[in-house]
Every structure is written in C-alpha cells, then in structure tokens.
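What follows is subunit A paired twice: with subunit B in the first complex and subunit C in the second.
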Partner chain A sequence: MKRVTFTRHGLGGGLAALLCAISLAVQALPDGSEVSDIVQRGYVLTDFRLVTPGAGPNDCPDGFNLGYSQRFLAALPEAERQPYLDDPQLLQQALAPWYYDDPEQDPCANPANFPDTGMLTIDGPLAMQRMEADGSISETTAPPSACPAASAANEARTIDNQYWRVMGCVRGYQPTGQAAAFANSFITDGSMTVLLQVTPLDEDSGAVEVLLASSQTPVTLGTNGAPLPWASLPLAADTRYHNRVRGQLDDGVLVTERFDLRIIRAAQRLDSELYLRDAMLRLEIDPDTGNASGLLAGYWDLDSLAHSSIRIQDRTGLSSGKPAADTHGYTCPGKYYAVKRLADGNPDPATGECTSISVLHSLQAVPAFVVANP
Partner chain B sequence: MSKKGLTRRTVLRGMLQGSAVSVALPLLDGFLNTNGNAFASEAPLPQRFGTWFWGCGMTPERWNPEAEGTDFALPPELQALARHRRELSICSGFNVHLDNKPNQVHSSGVVGTLTGNAPSVPDEFVSPSLDVLVADAIGSRSRFRSLEVAASGDPRHSYSRRSSSVINAAEVSPVAFYQRIFGTGFQDPNARNFQPDPQLMMRRSVLSAVKEDRQRLMRQLGAGDRVRLDQYFTAVRQAEQQLDIMLSEPEPLASCRVPDVPEASATDTEIDVVDRNHRLLAELMALAVACDQTRVFNVVYSPGASNLRRGGSTANHHQLTHEESVDPALGYQPQATWFVERSMQAFAHYLDILKAVPEGDGTLLDNCLVLAHSETSLAKTHDVSGLPLMLAGRAGGKVRSGVHVMGRGDAVTRVGLTVQQVMGLPVAQWGTRSMQTDRPVSEVLV
Partner chain C sequence: MVMCRVKAAMAGLLCAAAVLAQGAPVSPSVEASHVVAMKRLTQGQYRNSIADVFGGDIEIVGRFAPDYRHERLLAAGSALASLAPADYEQYDLMAREIARQVLSGEQGEKNLGCEPRLTATGTANDCIGHFIAHYGLKLFRRPLTATEQSQREAVVSEVVSLGGSVNDGLQLALASLLVSPDFLFRIETAQPASNGQWQLDSYSRAARLSYFLWNTTPDATLLQAAHEDELMQPAGLRRQVERLLASPRLEQGMRALFTDMLAFDRFGELSKDVALYPAFTPAVADALQEQTLRTLTQHLLDAGGDYRDLFVLDWMPMNRTLGLVYAVPVPWASGWQTYQFDSEDERQGLLSQVSLLSLHAHAGSSSPTLRGRFIRETFLCQPIPPPPADVDFTLDEAFAVLPTARERLQRHRKESTCAACHHLMDPIGLTLEHYDGIGMLRLRENGSPINTAGELDSVAFEGARGLGAALQNHRLVPACFADTVYRYAASGTEIPHARDLQAALNEAFAAGGYQLPALLRAIANSQSFYAAAPATEEDQS
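== the complex of A and B ==
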C-alpha cells in the first residue's frame, strides 16, 4: 500500500479544502494495487467543443461550401429560380426526402455509395493550435498533415487539427455559426455530461491517474443557467465510457499519456458516441477557483465520425444528416470523401489509407463529486 | 346596486299594429353593480383565458429585461410592447426541465410549458394542455369550450390538445372563422327575441338517446375500448352542454357586436400575409370572447420552428436561427431578431384589439388573462431554459401587471400553476418529476 498526502493544487480557501477532504477514498489502481487516503479531484465539463478558429481571409479562396438547397438553386438557370425563391415549401419539396426510410437511399446514412460532390477545404499552410508529443501546444504555420506510413506510430507525432481543414470552409462551422452555438448547449440541456477525475498516484513524481467518463445524469444548473460546481454525478453504467489513463501533474498542468477514448456524444434527440484514438489531454487547473480548462487532442475514428457527424442518427433511428448538412452548408458525400482525403491517423496496414483524422477539442470544467457505481 | 326594477333582462315592451313587441337593451351601467365589475345580479363578468404563441423564441440578451420588479427597461426585442408595458408582466428565466429525456427540438419547450411534463417523444401530451384544463373549468357555459386560430395558415398549428392524438384544430381562414362564430347557430346576446333552434333541440334529444345507452354498451367492452369510449362520451357530454347553452337565452352583452364578414384572404407563410390574417382572426376572436361565445381562446401567430419568411426569400425564420451567423459587431443574428421583433409587434397589435373592446368599467383585456409563450429561448440551440413568457391582462383584477419576474431556473410550471389558480381551478400543485411545483408566481398575484 502506498500512501499519498494531499496537496491543494488549484484549490484555494478552507471551504475547498474541506470539500476535497470529503472525497477521501480507497482506490484500486490499474495495476491492481491499492492506495488509501489519496485525494481525488473530480470535475464536470461545463464546455466541450471543437476547436474551430474561423477561416482567415485567404483560407478559402473559392469561397464556402454550399448546402443542398444552395446547390440546387445555383444549378438552376436564373429564370427558373424565382418560383423556389417565392415559395420555400416548393424548394423543400424539390429536395425531398429529407429523412429516408431506406438508409441505402440516404446520401448521409450511406455516403460511400454516392459519388463525391466535392468539398472545399483549407489546403494551404495554416497557423493553428496543435498538440505536440509532450502535450505542449504549438501554433506554427504548417502545411496539411499527411497520412503517415503504416509503420509509423501516432505516439511520437504532433496531433494536428485536420478536421478543421475539412470544415474550415463551411459556413456553419465558423466561430459565430451553428456548430459553435450548439456545442455547449448539449451540456446545459442535459444531453451530454462528461466527468473528469484526477487521482494522485505519487506526490513526489506528480503521477496521476485520470478518469474521463460519461455520465447519464444531467448537469445541475444554477440560477444563471450555468452548471453548478460541487454537484454529485454518477458515472455512466456502461463501462465502455469509462476511460482511464495515467498522466503527469506538474505545477497545475496535467498532461496524460495517449489513450483511446469513448464518450457518449448525445445531442438533444441525437445519440451517438465520440471515439478518439491515441488521444491526449492537457488540463490546466486554476489555483484560485479550482476550475480546470484544457485541450483534448486525438484521432477521430472515421467510422465513428461518419456515424455521429455525417449520418447523425437520432433516437428514432432516422438520419438527420441531410437537414444538418443543409443547415451548416455542405453535402454528406462531399464531407465523407474530404475527411478520407485529409485523414492523417491510424493507417490501415493493408491499404495504407488512414482510418482516423486529427481533431482538437477545448474544454472547461468545474469541481464535482464523481460518484462511482456500486 | 342596480337601479330599481332595471335588470339585464329588462326589455322595452309595447304594441305595434296590434301585436306585442319587445326591444332588448344593451348592457347599461344600470345593469352593473356600483363597481362596474359584475352584473347587478352579482354574477361576475366572465373570466377568460387565452394563449398566444409565436415560434422560435427570442434572443436572450435582447429580450430579457435586466431589472426585476416594476421598474425595468424594455430591451430591443420587447420595444414593440412599450405601449402595453403596464398591462403585461414579463416572466424570464423559467425552464422546462427535461428530466433526462431528450430535448425534442421545437416540441419540448411548448409541451413542457402547457402540460408540466417534458415529452419523451415529439408532441407527446401525457395530460391535457393548460388551456384545455382551464376550458374544462370555465368553458362549459359558453357556446364553444375553446376556440383556436392559426395565422400561419395550417390547421395543425394548434397546441390545444386533450392528449397526443386529440387536437383542437385551428381555424386559419378569417371567413371560415367568421362563419363558425357568427354564422348558423349564433344567438346575438343583445337581441331580445330569442328563439331556440328546433334543429338543435332535435340534435340534443339524439345525443341524449346515445347517452342512455352508454352503460349497457360499456359493459360489453374491454378496458381499452372503455377508455376510448369514455373519451368519446366526454366529447358527447361537452356537446350536450354546448347545446344547452345554445338553447338558453344568452346574457346581454353591450360589448358584443356582430362584425361584417371579412374579405376572403389567402394564407401564406410570408410575414405580411400572416400579419394581415392575424389581425383579422384576432378581431374576430376578440368579438367571439366579447359575445361570450367562448371563454378560452388560443392564437398561434407562428408555429414552433417558425416557417415565417420575408417576401422574396426562401430562408424562413427557423432556417435563419440555425444558418445565420451571429454578427460579430452586433453580437446577435440580425435577420433572426427581425422576426422576433415582428412577432412582438404582432402581439402588441393583438393586445390593442383586446383593449379596444370596452367592457364594464374597463376593457376586455382587463377581464382576460393571456399567456404568451414560445417553444425555445434561443432557437439557434433549441434552448428550453429561460423561456420567454408574458402574462397580459388583469383577469378581472386578480392579477398584477407591469412586473418583470425572474424565474432564475425555476420550472416553467410555476407559471402554469399560477394561471390555473387565477382562473379558479382548485389546484395546489402541478407538473411532473422535477417540474412539479406548488409555488405560483406570487409577484403577479393580487
């Protein structure tokens, strides 16, 4: 048994210390050994969103992508457009169906069976945040990240944000667009609750174990509509959504090793999961408030991406992909082939094609009591 | 106290060419008590409840007043209601709590507000909507238990529902709505030559015959069919009550006047057309209420996921809420907010119409309580927290107006409970799960 004493990184004041003291627990570590009297810090995410820095003036020289409605209108001779401009229902009917009973017929449920409609992406050198192999953040100007050789391991690579290159010329993915507005709402409306727990393993070395997990209990909101700190929130019953990884905590900055991550990615009536491979978490803990903020980098599995971000299946089993694509301003096959073209992670040994794409999420969190399942 | 011998049933009698004739009198002050708020017989003036719905909510930072209480400035999206600020209360910060159910987009907000329960599937009404609850209590003494109109042109745009499948469909044509109210079957309350309609008497007896067979039939059915048949007989009972009213001599009502038949008008989603139909439907609705044809009235200006659009544009309000970027300089969506401002203008016009009808010592609006609501706050994210709600009118003096109440995350059921208690329903608590409440919004109660 190894005893670890409590250091109050990031927790100012006696109240925080008292609350943390309540969370003393006996923990089973991944290697099976036990420690007692360790102090865990629990958090609930209050903000979790894709890093979408916005297209610069020269990033999209051919403009933004068009959604289904815009493409339909653009393809019509000008003289034939007016009836559709006068009657939106006519336009909706012309593009029907928006929801398909047969997934085989749905270009969003089954984009691989449809021809590439083309998608404008950011293909030039780009200055944007990337996570280096040591967990630090760089922002140098760099060309697109290429799909590495099948023998290359992700561990030693900088994690780029190729997904932004795919979506950078999409109207709805700009910082003031639909995607950014929706991001946090999924937390506050109770669709998606993500918990973090940091367990010190060794005070001297700063080694910690990090648990990043879904909860199926909605966050508790304060009177200002923001998630309240110090709520007790249980882990999701399904242990597939409990992701444990070792990390290092130094001077209030936590960096994890690489790990595969699955969390529930529910969004209002939509239901899916986020599956990142070779992910890394960098978390900074505010010494005054006890709140945490950071970046989660990783390689988004393309099958998972296609399901959750192109097909966009709702809880009735129907794909909302086509209306979502039209709202944001892209087409499903266009996005599907663009993601494959810019994929830069986990090359298939047989084909050499990459099966994941780098992506960066930002997150913010407030303290919470993470309640383990009985 | 009325003048001696003068009652609301007083008529002028005389002889004309050898025949007895009578001439009815309008509602005179002498018919009223000294306060002007009840008939001299001490029967109170009727209380009425209405809803007014608009789709796609608002922009929180441009709709929610900052200050609480009575001394608050109207933000930009509420400016159109400035002339009515002393006649309505603003309720901000009240939430539909989803209770771990999915946010059924453009449905959870309105269903939660009207039933006190977050739906598991879209448009799931596990209990009657608020207006139906009120209509069951106060609507049985008027010709129509409730009336519904939708300016947006689709009869399905109605949130007045007894259950998920029993919908009080909206009237969308002003001409058809006129015919329904003032056409066949209308008894002018100020006409003192009341004659029961023999056809109605016949229909009434037919319904009575059906009623007498009810118990025999019910015994032959399984549980599911008994429930279905019970719903049917409930409707039959309601029809009988309405026929009773139509076979009774109505109260004279000075504020009641029969309008001219409106001109036929097209229905469309273009906002100017919707505005025109809204005004026509609202004027008819106000007179239907003034003539005591109904005491519960529901108006949909635009549906959830509002399909209103500007002329010449294919992008409707709903699309704009999602597709229009937030203007970085302004900090909001300028096109989407335009539709919110137009919706508030329409509500202001609606209140103008109710206020223009004199009644007793005040106006029709004074004797109404109107709940205006939407299905989201910020539609861009389908947000069902901080829903925009307004209570207009004074419900015959039972309600304070001109107040801004901040719910601070409380369940929206507090507003629904308040409405029910004001309208006299013996309800101590309302709502399900975390939306169950026993706390009315006391700030608006007299």
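== the complex of A and C ==
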C-alpha cells in the first residue's frame, strides 16, 4: 500500500514555499514499507563522524604522536618523572597555561607563529575508502594524494581522505579513541543538528535537489538515548548553513554533484563550522526502515580546519586547542604544518599551495520533517 | 516544653473536632433530613476545591488516598471509598500545611481582613467567628451548624490557653475543617418533598451540580442560590444550570469527566518497553492525554459537535512532541494547533489517537483484546467478564511463534473457554492492528502484512476508519454515553428510577443533536437527578 507520495500542498514559488507548506510530503512509512523514489524525504543526522579506519600495524612505523604532557615527561630525566606521574595536578601546573589570555602566546590559537614540532603521519601506500568522481566508493591501495596543479579541476578527481593520513598516528583518533567516542555526543547533546532533504525534480530521470542544512533545534532523544525519527525540525535562521545541490537518485542511491558545504559544527561550548569545498554526498536509503546512511567527501578548507580543529575556539573567545591536543595526543603546530604538507585540494593560483585537504565523513540519518524557521 | 504540650493538645483537638464534625447533625434546620450518600473527593476535586477556596497558589503537599474505580468510573467509586487511618494521616498533614499557608504572612492578614483576638473572657472575637464561618461555608458546602462553629472557636481559645498564639489556634481550627469528613466527603442529605418522594436538599444539590459540571466546590453564587432554596424550584434550578453551562469553567469539569471515562488515571502506572518503543517518552505520555482532552473539548464544547462524530474526526490537535509519534510534520514551533489528516489517511477518529492505543496495549506489544474490551465497555457499556481463574496462559507462549496477532488470537479462540469472551473483543481490536503498542503506524508485524479486517455486532469493516464509522452508526453508542455521563454526575452506585430516566435522557440527547450541552442540561435539570431513597427507620433513629 502506498500512502502519500510527493504531496505538493502549498507548493508555489520553489523550495522556500515548499518548506513553508504545512503538508510537507509524507515520506517513507514508519515501518519503511513501500518507499518510493518520487517521495520528498527529510532526514536528521543521527551519526556524523570522520572516517578514521584505524592505523594498521605498518602504518605508523615510528609509533604514535605525543601530546604536550607526554612530550614534557619524555623530556625529563627518568628520575624526575615520578612526581608528575603520581600527581596529575602537578603535571597540569607544569604545562600551564592551558588557556591563554593572549592568543599570540597560544600555540593552538596561532600555530603558524610557532615552529613545527613535527607530526608523525601515515605516508606509505594505504588502502582506504575514497569517493570516485561518479560518487562510487573505492578502496584500492594508493600513495598519498599530491597537491595538483592550480589548473586541475577538482570535479574530475577522486576525493581521498588525506586527513586520515594526518591523524592516523594519533592515539585519540583510533577507532577506540576519544574522537570516535565523542563523535555523536555533539548530536545527542543538542549542539549540532544537521538536516537533509531530498526533493524530486523529475520523476522519470531521478533528478533531485538536495538540501543539507543546519538546524539550531536539538534532536529529540528517545528513552534509549538515541535521536528519534519523525521530528519536525526547522532550518537554521542563517542561510549560509543552507546548502543546496542537485543530485541523482537511482534505486535508492543518491549521489550529488560537487558543492561547497558549510554547516554549524558546534560541540558543547564550542561554536564553529565545517566548511568543505567541492564536496559530494552519497546516500543510500534503506527501503525496509526508511533510514539513510552514506558518506560525505570533500576538501576541508584549511582556514576552517585550523579554526575548528586546531584552535578550537569556544564561545568565550578562548582557544581549547591545547587541552584537546593533549587529550588526543598531538601538538597544535605539529598538526598545523602536517595538514599543510598533506593538503591536496584547491591550490592557490598564486602560490600553487593547496588550501584544503580531502576528508571523508560517514553519516547515518533517520526520517524527519524539515520545516521552515518560524 | 510548652510547644510540645501545645502540639499534643492540637493533635487531640484536631481529632476531636473531626469526630465531632462527623457526628454533628448536618442540617439541623431540616429535622426530617437524612444522609443518603458520602462521596469522597477525588484528588482532582480536592485540588480544585482548595484552589477555589483559598487561591491557586496554595501548595498541596502530601499523598492522596487512591481513588477507587467502580463500574468503570472513579466517580461511582467515590461513593464507596473510605479513608484508612494511614490515609487520614496524610490528609491531616495536608490540612495543617494548607492552614499554615492560608494564615501566614501578608497572605494571612489579607485572608483574615481583621484582627483576630480573644475577648477578656477568653472567647473568640467577631473576626475569629467570621473567619471560621466564612471558610466553613466554603469547605463544608453548607453553613456550619452552631455546634460546629462553637467547636472551632473553642479550639482557638484552647490553643491560646495552652500557650499558643491566636494564629496557631486559627490554623488548627481551619485544619480541623479541612480534615473533617464534611469536607473530605460530599455528604448528601435528602428531605421529603411535597409529593411524598425524597429528594436532595438545597446545599446537596448545589454541591452535586458544581462537582458534576465544574468538578469543584460550589461558588458563592451557587451557595447563595442554595441558601435561598432557588435550586429546589425548576426555574431557579434552570437559571443556575445555564449559568454553570455558560461558564468557561465547564471545560475543567468536562475534562474531569472524560479523564474518568477514559481511565486516564492509569497513565500514572503505564510503562512501555524502552527498547521497543523509544518514542514513548514522558513528554509524549503527557502530551497524548492532553491531545485527547483537547479533541473532546474542542469538538463537544467549542464546536458543539455531534458526539457520534468523534469516531470519524479527520483532525487532531497536534504539537511537536506528538508529531514524531504520528509521523507528521508540525511546522509550528510551540503549542497546539489543529492538524488535518489527509482524506485517505488511516488516522481517523478518537480511536486512532495514541492515548487510547497506548493505554490499551501491553508494555511490549499491541493488544487487540485489550483494545476490543475497552471499546465494548467504554463506548457500548457492555462489560466483559475477567478471564476464568483456570485459564491456560501457556497456550499464549505456544502461539508466540505465529507472526501476527490475528493468527495468534485465532488459535487462542479455538480454546472453547477463551472463545466466548474473545469473540466479543478481538474482531474489534484487530481492526486497530496497524498501530503498535504505543499507537505508531505499522503495516507489518514480524515481517508479515497485517490484516485489519474485523466486525462489530455483525457489521464488517476494515481498519480504524471502518471501526470509527461502525461506532458512529451504532445505536448503543449515544445511549452508553448518556448513561456514563449520568452515572458520573450522580456519582452513585444505585440510580433511582434509572430506566425511565435513561429513556428520557436518550430522547433529550437525540433531540439536542447528540450535543454534549444538551445532555448535561437534561441531566442537571432532571428532578430524577436529585431524587433520593426514602429514609429508613434506622436513618430516622
């Protein structure tokens, strides 16, 4: 039994009107039956994380990177280490300040002002997921991606995951590390809500418009602690976080064209954004559950990356980069220079240096209703 | 030491006052009157009464005695409910705390409006007397007798003589009113009429009317009408009934009626499997009750709708919380607005609301049997007996391998001991099987498609829409509602002249287009509503 497909109540002047309409299309039934490709669908992300497959036995021949505490301890004569190991507060005091009043003094707020402390990265050939130009996923063994010529177009390139090469020898980014453990806390604690809406443009060709946007309304959690489907969630008021792109939906698999993506990337007290250039989304829709899962590939703008992932500026204006780096096990200048070294996207025509780095995110989503901001 | 003595004396006085009040003549002005019923205030009635007498900011702290459901209604059970000693202690604590709030600080001065003190001879001054009489009338729903009045004034004097303050004494006097059976119970008294029949007296009528239509204590106008015996005359009674029906407070009263009729008090003990039904959050549990109450009041009161149409409504009040249970978009950010379902949508009518679907289901599954039973009993007034004591529940486990409830119940009904009752319930409840244990839509169970065919009293149909239409057209549905409302209003176990009255109410309900106000008006103006059993020799003695 098919319920309501592609309801168009209130459709008038394009997508804005569509979003305002009360009768946004009823999509896949709660039990997922009879999912139709021609139904407008909305989703809310329940899982959004970096693809960090874990370092293989030969990927980090020199071991893992060290954070500030570990470096401090390693530099001490062995006889002097014990008091710091016995008293973590003593160690904290020795490495103070952790939060700098003067950003100029902060190696995480301004890593470019500090010398490269070095960062161990995965530099050998590596088999890992990459997104091909047609949106398919490959996993062949390949050397690090190089920064292309300024004239090269990103559209024709395989999107690698060079960011994993940067973070692959960081303990906190292994599958059992802090990064994975806290990946979805940003969603469940209400800091980061990301919506997806797929609107059919042509029933015969499978052409769709995809809206990938932030919402400032927290997800609704069920009694099991997971985000619930079928919530009505408004778009963020700031239209910079409304990303629209055309795509193709065939047999339950959606692949978008390349697009620049900007979404709010808030976490706890942090307030930042994720800015990907020449991104592509591949989404698979499960006909049994109505849920969706997929991969978002793209080139992470280095300035955005430095702000959100090295400086980690919070809402008070202070940088939380140093404690974060120490928790995961790296230094800010080390990461800053490693990212620049392995950057493989959007070469600057003037300098020839790449200004973005390829990165892969995985995502899962449940049905939701995307509604206009009241 | 002095305070200990005062407290001990207070406790003794409080008990004595309660006992005295219980034994005092209820209405000495009518010599031939006798008590015909004592109906314990429900929790809602207690709260509403306190708010109306003292103001809405009084906090009530304590545990209420559980309300008792009899013949499907808490209202009917209130005539059978008593108070155990442990419960009485709780009401005593509540009474003292309320009295403290009423008489403390600026609010206390405002409530008094004068200076309470003892005269040179140690008796209460007019201020004390007025305070006790004023709140005594409101709390007992009738004027205090001279004995009751003097007992409370004596309490104040006694407390002062033991070293307490006048305010302490007043608090104790007020608490004794609050813990008296004359407040905790609606004590109905009857008197002989000129035609030789017995009927409720004026103040009992006022209380019955007020708790029926507003679910709270009579207001000053109604008490004044009772004082002037206006309620004993048809014209006067009609005037007051119309006033009560026109008041916005009618909604509060009707919400209490529907809450009782639909047994929403059971939500307090309802739990669902968190793994199977993560959407059943506390916020959802609260909102779904509100949704149904809003549906009922909007349709039956605001729109003056036909009661029978409740079963085929294609709209529901909706908020964001419930939107995710119904899987519908809710563009409005906060509050309730009407959601219009598509004309072909399976959701239609009261029976497809998640409140009823979740309440009449198991913790981990739907239940066609419970849903069918609920519909039979609540909307058709056809009680289903409980399962026999020797029922073999191991059969259910053996049938658990069958994928759908229909298949499991078909096997179950092959057992002759089960079939007799199940055939009355299951064919109704199976039509709601597209809704899981919390009322969310599903089309399959354990991978198998769900068949929602069913029948009600030889009328075959499919799904919630078919069931709604069948009930809309069922001749017993309005009659059952009239009976339920009457039994709720009378809050009694024995209805005098029930058969004649039922016929008259059905006629009035039909003539009024099956609109709720027409039924309320017919009941409230009916002389039968105030009829009482004659006094026995025991009563007279």
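The rule is simple: the second predicted complex is superposed on the first by the 334 of 374 C-alpha atoms of A that agree within 3 Å, B and C clash if a C-alpha of one lies under 4 Å from a C-alpha of the other, contacts with A are read in each partner's own complex, and residues count from 1 in each chain.
Here, contacts are C-beta pairs under 8 Å (C-beta built on N, C-alpha and C of every residue); 3 or more make two chains touch, one makes a residue touch a chain.
Nothing here was measured: the structure is a model prediction, and the numbers come from that model.
Visitor: Pick one for A:189: touches subunit B only (first), subunit C only (second), both, or neither.
Guide: A:189 contacts subunit B only, not subunit C.
Visitor: Scan A:174 for contacts with subunit B and subunit C and give back first, second, both or neither.
Guide: In the superposed model, A:174 contacts subunit B only, not subunit C.
Visitor: In the overlay, answer first, second, both or neither for which of subunit B and subunit C A:351 touches.
Guide: Neither partner.
Visitor: Output check: A:141 vs subunit B and subunit C. Expected answer is one of first, second, both, neither. What do you get?
Guide: neither
Visitor: So in the superposed three-chain picture, is A:232 touching just subunit B, just subunit C, both, or none of them (first/second/both/neither)?
Guide: In the superposition, A:232 contacts subunit C only.
Visitor: Counting only touches as set out at the top, which of subunit B and subunit C does A:369 meet: first, second, both, neither?
Guide: A:369: touches subunit C, not subunit B.
Visitor: Looking at A:222 after the superposition, I want to know if it touches subunit B, subunit C, both of them or none. Which is it: first, second, both, neither?
Guide: After superposition on chain A, A:222 lies in contact with both partners, subunit B and subunit C.
Visitor: I'd like to know which partner A:88 touches here: subunit B for first, subunit C for second, both or neither.
Guide: Once the two structures are laid over each other on A, A:88 reaches subunit B alone.
Visitor: So which positions on subunit A get touched by both subunit B and subunit C?
Guide: 221-224
Visitor: So in the complex, which bits of subunit A are touching subunit B?
Guide: 69, 73, 84-89, 91, 171-172, 174, 176-178, 181-182, 185, 188-191, 216-218, 221-225, 266, 268-269, 271, 315, 327-329
Visitor: Of all residues in subunit A, which touch subunit C in the complex?
Guide: For this pair, the touching residues of subunit A are 1, 3-4, 7, 20, 22-24, 26, 29-31, 33-34, 220-224, 226, 228-232, 234, 367, 369, 371-372, 374.
Visitor: Which bits of subunit B are touching subunit A when the two form their complex?
Guide: Touch list, subunit B to subunit A: 93, 95, 98, 100, 102-105, 269, 307, 309, 312-316, 319, 322-323, 325-328, 378, 380-386, 408-409.
Visitor: Would you mind writing out the residues of subunit C in touch with subunit A in their complex?
Guide: Of all residues in subunit C, those touching subunit A are 272, 274-275, 277-281, 320-321, 323-333, 342, 344-345, 440-444.
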